[in-house]
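By written order: A, B, C and D. Residues from 1 in each chain.
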Amino acid sequence: MAVMEGEWRVLESGRGELIQPFDLDEFREWNRTKKTRKLTDKRMSEQEAISRFVYDGCYIGTELYGTVRCPMSLARELVRQGKKNLRVCGQGVLELDLWLSAGLVKKLDITYIGLEVYGTSSALRRAVESGQVVTCVEWSNGAISWRMKAAAMGVPFLPTRSMLGTDTFHYSAAKLVADPFTGAIVALLPALILDVALIHVHRADQYGNAQIEGISGFSAEMARAAKRLIISAEEIVSTDEIRKYPERTIIPYYLVDAVVHAPYGSHPGEMAYIYGRDEPEIKAWVEASKTAEGAQAYLDKFVLGVKDHFEYLKLIGEDKLKACVELREKRY
Amino acid sequence: MAVMEGEWRVLESGRGELIQPFDLDEFREWNRTKKTRKLTDKRMSEQEAISRFVYDGCYIGTELYGTVRCPMSLARELVRQGKKNLRVCGQGVLELDLWLSAGLVKKLDITYIGLEVYGTSSALRRAVESGQVVTCVEWSNGAISWRMKAAAMGVPFLPTRSMLGTDTFHYSAAKLVADPFTGAIVALLPALILDVALIHVHRADQYGNAQIEGISGFSAEMARAAKRLIISAEEIVSTDEIRKYPERTIIPYYLVDAVVHAPYGSHPGEMAYIYGRDEPEIKAWVEASKTAEGAQAYLDKFVLGVKDHFEYLKLIGEDKLKACVELREKRY
Amino acid sequence: MPDPTYTKTELMICVAARLFEDASTCFIGTGIPMLAAMLASKTSAPNLVPVFEFGGLGALLEELPRAVGEARTFHKALAASGICDTMETAQRGFIDYGFLGGAQIDPYGNLNSIVIGDHDHPKARLPGSGGGNDVGSHSWRTVAIMQHDTRRFVQKLDFITTPGFLSGPGAREAAGLPRGTGPIAVVSTLALMDYDPVTCRMRLKATHPGVTIEEVVANTGFELIIPDKIDANLAPSAEELRLLREEIDPEKLYI
Amino acid sequence: MPDPTYTKTELMICVAARLFEDASTCFIGTGIPMLAAMLASKTSAPNLVPVFEFGGLGALLEELPRAVGEARTFHKALAASGICDTMETAQRGFIDYGFLGGAQIDPYGNLNSIVIGDHDHPKARLPGSGGGNDVGSHSWRTVAIMQHDTRRFVQKLDFITTPGFLSGPGAREAAGLPRGTGPIAVVSTLALMDYDPVTCRMRLKATHPGVTIEEVVANTGFELIIPDKIDANLAPSAEELRLLREEIDPEKLYI
């Protein structure tokens, strides 16, 4: 039953580059040999996690989205360590802005990089229009999430009716086929296996069993689609606590390579039920990032100018953090 | 860009009948016009729910699995109302045994029908070997769940590496193709859109927003794959309670057509954290079902001989139910 | 008496808000759609079911969300899941309306939010599709909310990010998009537009107070269908303005 | 001193339990595999991670589950999700072992649990694949646990439900099954079998106490490879029997 590649009739292929080719059997072998099933203590600092698992040229992604439950302490540490030529997927607000401004990003599977209520991202414009980012492959938010879901399911592709008929499809790396059951046209989205994923959660135990409150974004999919997974958590809890409510474990330990205890890890973004957005600090980036010089000055002060996340928090100051806690979403 | 059906090269097609053909646009239209977005009180009795939404010849499924969080009060009511020529999907223990014994099932997308620790199902053997069930199309548990997941995602198929190389594939309605990205062989599982689904949950509000404790089985997928969805719930809670923990809503109200308050609705099966299995009553069916006469006597007593679920519970008796509660799984 | 002090943005929000159908499911994007949804839920559509792409469904819009994933998008919500569930809900036909923005719109309601100029050597790199393409593909009806000028209302997009009617009648279905879906309206700073059912081209439906047809035409970079009868949009009511200014956007993030 | 009163089933469970690798993820089916897993977790594999197909992962096996979805499969578990997540975890290569039963097994370790006789006019309709096919497709290594007689160990299955090595060397990969996967052992009431690495055919590895090679051969409906050196399985230890009888299955559901 040997099959030639491409024996399926593909109606059309997007012209975008598949900037992260995948091999499911190789991923399986990785998951077999590089992901221990032992319950081992994976706690470490941001410094150690980034230096051990992120490398120049790797394909990396962050969850969720800029100002919302985003692994900002990890994103800043990555800038401090200057990991470069990154290939990056998806959506981003502050976190990708920092990487773009620091000149660390080479290729993008892009869905949205902007500043939400504050409009477009100057950092993205500078990086793409100057050619510093050499490739932008286009996807919709749904499509990029489904690409991770394909990898999470262990299958080579998922079909979708998104992207049809548009340039978004033409500038993607998706393929157009007809469903053999009904003849309907669908786009096939190739599996996306990340080299590294960074996810911030409400709580995790020392082994990496992780729980999230509120919306789950694409955490379940990204965690399962990554070869290396760094979890940062607002709180480290006992495994007994995890075992008490096993249905809340959205990321089981065996997926996780590092657990970083990062209180206020999403700052200046929010963490539902723990703290709200730090609007002045977000605006500080919005303003600073309008020019390359301003962005550099911000990086110098808030990222490169501090040794680690705890120095960053000290720089922000207890009063501001307390104010954010006051603004948190509550359960009634 | 008109496409002829089958223009994809399919390497091989399972010989099984697609006993529930699907049309995604028709499903969308159904979801648009027959599923209100209004918050309306959907509470009703088992009698009303089954008589309004289940019909002779419909394609129906139950979640989870026989003795575990299974909508037994709905399954028994269906027998009382004698809905027949059912086409049924998936796995079953007591609930499908009852339907098979009552002669209500015509076709099966079968994965597993048996009595777990007590072995094979005599009811299944009688129904299939006699030709009363005219068609058995074979699938694995994973495959049937992914078929519902395809429908839940609104896509015509999902790929899998299950079923390859086996008669399970040959006697299914799956298709074999090569992945156009890598050339790897995968089976395509056709979407499964059920006419009716029955799901038992821990709690729901009057509109149908439903929450489940412990494993979720295939409830999320089945709920999203069904044109009509009847929820039975151990407890009816206020919508305020739902809104307090929105991340626990596994089935949002707009999917739901009927909400049946059914305490001990899974009896003689278990409901995690509320009550355990009623082993003597399960064994009563195991013994009775060994012969057609025994099965009929059981049906006469426990199903046809009672008017409704509350009469059934009275027949079982408070002492036995209390004993089940004692046996429940606890959160430590 | 209408308050004469309203801004173009406030007017646009009010006109958009009046389009919301009560007890419908609506995809809400960041920005103006959020204000319009919130205003609608406080006026004509109290049973609106807002859907935010990263997982919030049926939230009570007591405070204005400032991002599509933040806690206010699932404040006292009926469900809080993830983006796959939400997008699949749309793909399954459960989302009635999508409210979208964009940098450019063409006569068929296609939207561009990816690039100005050539994709690979852009004059301006815009944020990207985000959920826009998904919303425009799967929602039953989409409404675009746009500033109205000739740089934005163009004959030909630099890039089709989000499908409107694509190249015209039947093009969506031919491309494989779900049957019966498509754009129904554009709310701009000058007017309300809909689409001619035969040609699928944009058509003036109603002008805003004080705006002439000529002004709309002059600010539109393509031939807009001008029917014989054109309605006039009502100015914001005092209550609409009060809600907007006092309850919805007291921090003046948008208005 | 081994307890001479043990039954064949008890012995089979003990031999199977000794195959569990500590700190490995194992798919556990209903019945004997549950007893073996529980015994293993109380002896040589205290860090075993049991996986039950309907969503339980990493449960503490304090009481014997009687069904693959019941609460004991997620008792103090690390995660409790659903069947899709579990099966996808397997498809992604995270499940080390699968323990399976079946009505028939052939020389290549393929299993039948669907039908005896013709599929469409069966002599006996069996329960079906259940998760068997998935477990046999995606787990890195599978172990079958079977009663040993010529009706069960057959040259040709009536129906291939679950893949072993299919038709022999290379057949799994050619069919598209994940690279490097396949059956590694059969534990029966008479012996322990493995597979010849060249031919992929079943091979006697060790006989149970008191069982002769001839007895194994006579109860096998196909030509079993008999190597020069054959090990002897140890009888259940007193502690194994105590655990089985007092802690694991005191209600004697299986033993």
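Rule of thumb we're sticking to: a contact is a pair of C-beta atoms (placed from the backbone, for glycine too) under 8 Å apart; a residue touches a chain by one contact, two chains touch by 3 or more.
Just so we're clear, the structure is a prediction, and the values are computed from it rather than from any experiment.
Taken together, chain A and chain C share the touching chains B.
Compared on C-beta pairs in contact, B-D and B-C come out with B-D as the pair having more.
Our note on geometry: chain B versus chain D, Cα centroid distance of 28 Å, whole angstroms.
Centroids of chain A and chain D (each the mean of its C-alpha atoms) stand 40 Å apart. Averaging C-alpha coordinates per chain places the centre of chain A 36 Å away from that of chain B. With touch defined as above, residues shared between interfaces to two or more other chains in chain B number as follows: 1, 24, 153-155, 160-161, 184-186, 214-216, 244, 246-247, 332.
The residues of chain D that reach two or more other chains are 56, 74, 76, 80-81, 84, 90-91, 138, 174-176, 178, listed in rising order. Taken together, the touching pairs give a contact graph of some other shape, not a line, ring, star or complete one.
Working note: touching chain pairs come out as A-B, A-C, A-D, B-C, B-D. Per the touch definition, chain C reaches chain A in the complex via residues 30-31, 52-56, 66-76, 80-84, 87, 90-91, 110, 114, 119, 121-134, 137-138, 159-163, 166, 171-172, 174-178, 253-254. If you check the complex, the residues on chain A that touch chain C are 64-69, 91, 93, 110-114, 116-117, 120-121, 124-125, 128-129, 131, 136, 138-143, 145-146, 149, 160-168, 171, 176, 184-187, 214-221, 270, 272-273, 276-277, 328-329, 332. By the touch rule above, chain A contacts chain D in their complex via residues 1-2, 24-25, 27-32, 35-39, 151-155, 209, 224, 239, 242-244, 246-247, 249, 252-254. Taken together, the chain A residues at the contact with chain B in this complex read 1, 3-11, 18, 22-24, 153-161, 175, 177-186, 188, 190-191, 212-216, 240, 244-247, 331-332. Residues of chain D that touch chain A in their complex: 23-25, 47, 49, 56-58, 60, 74, 76-81, 84, 88-94, 96, 138, 140, 174-176, 178-180.
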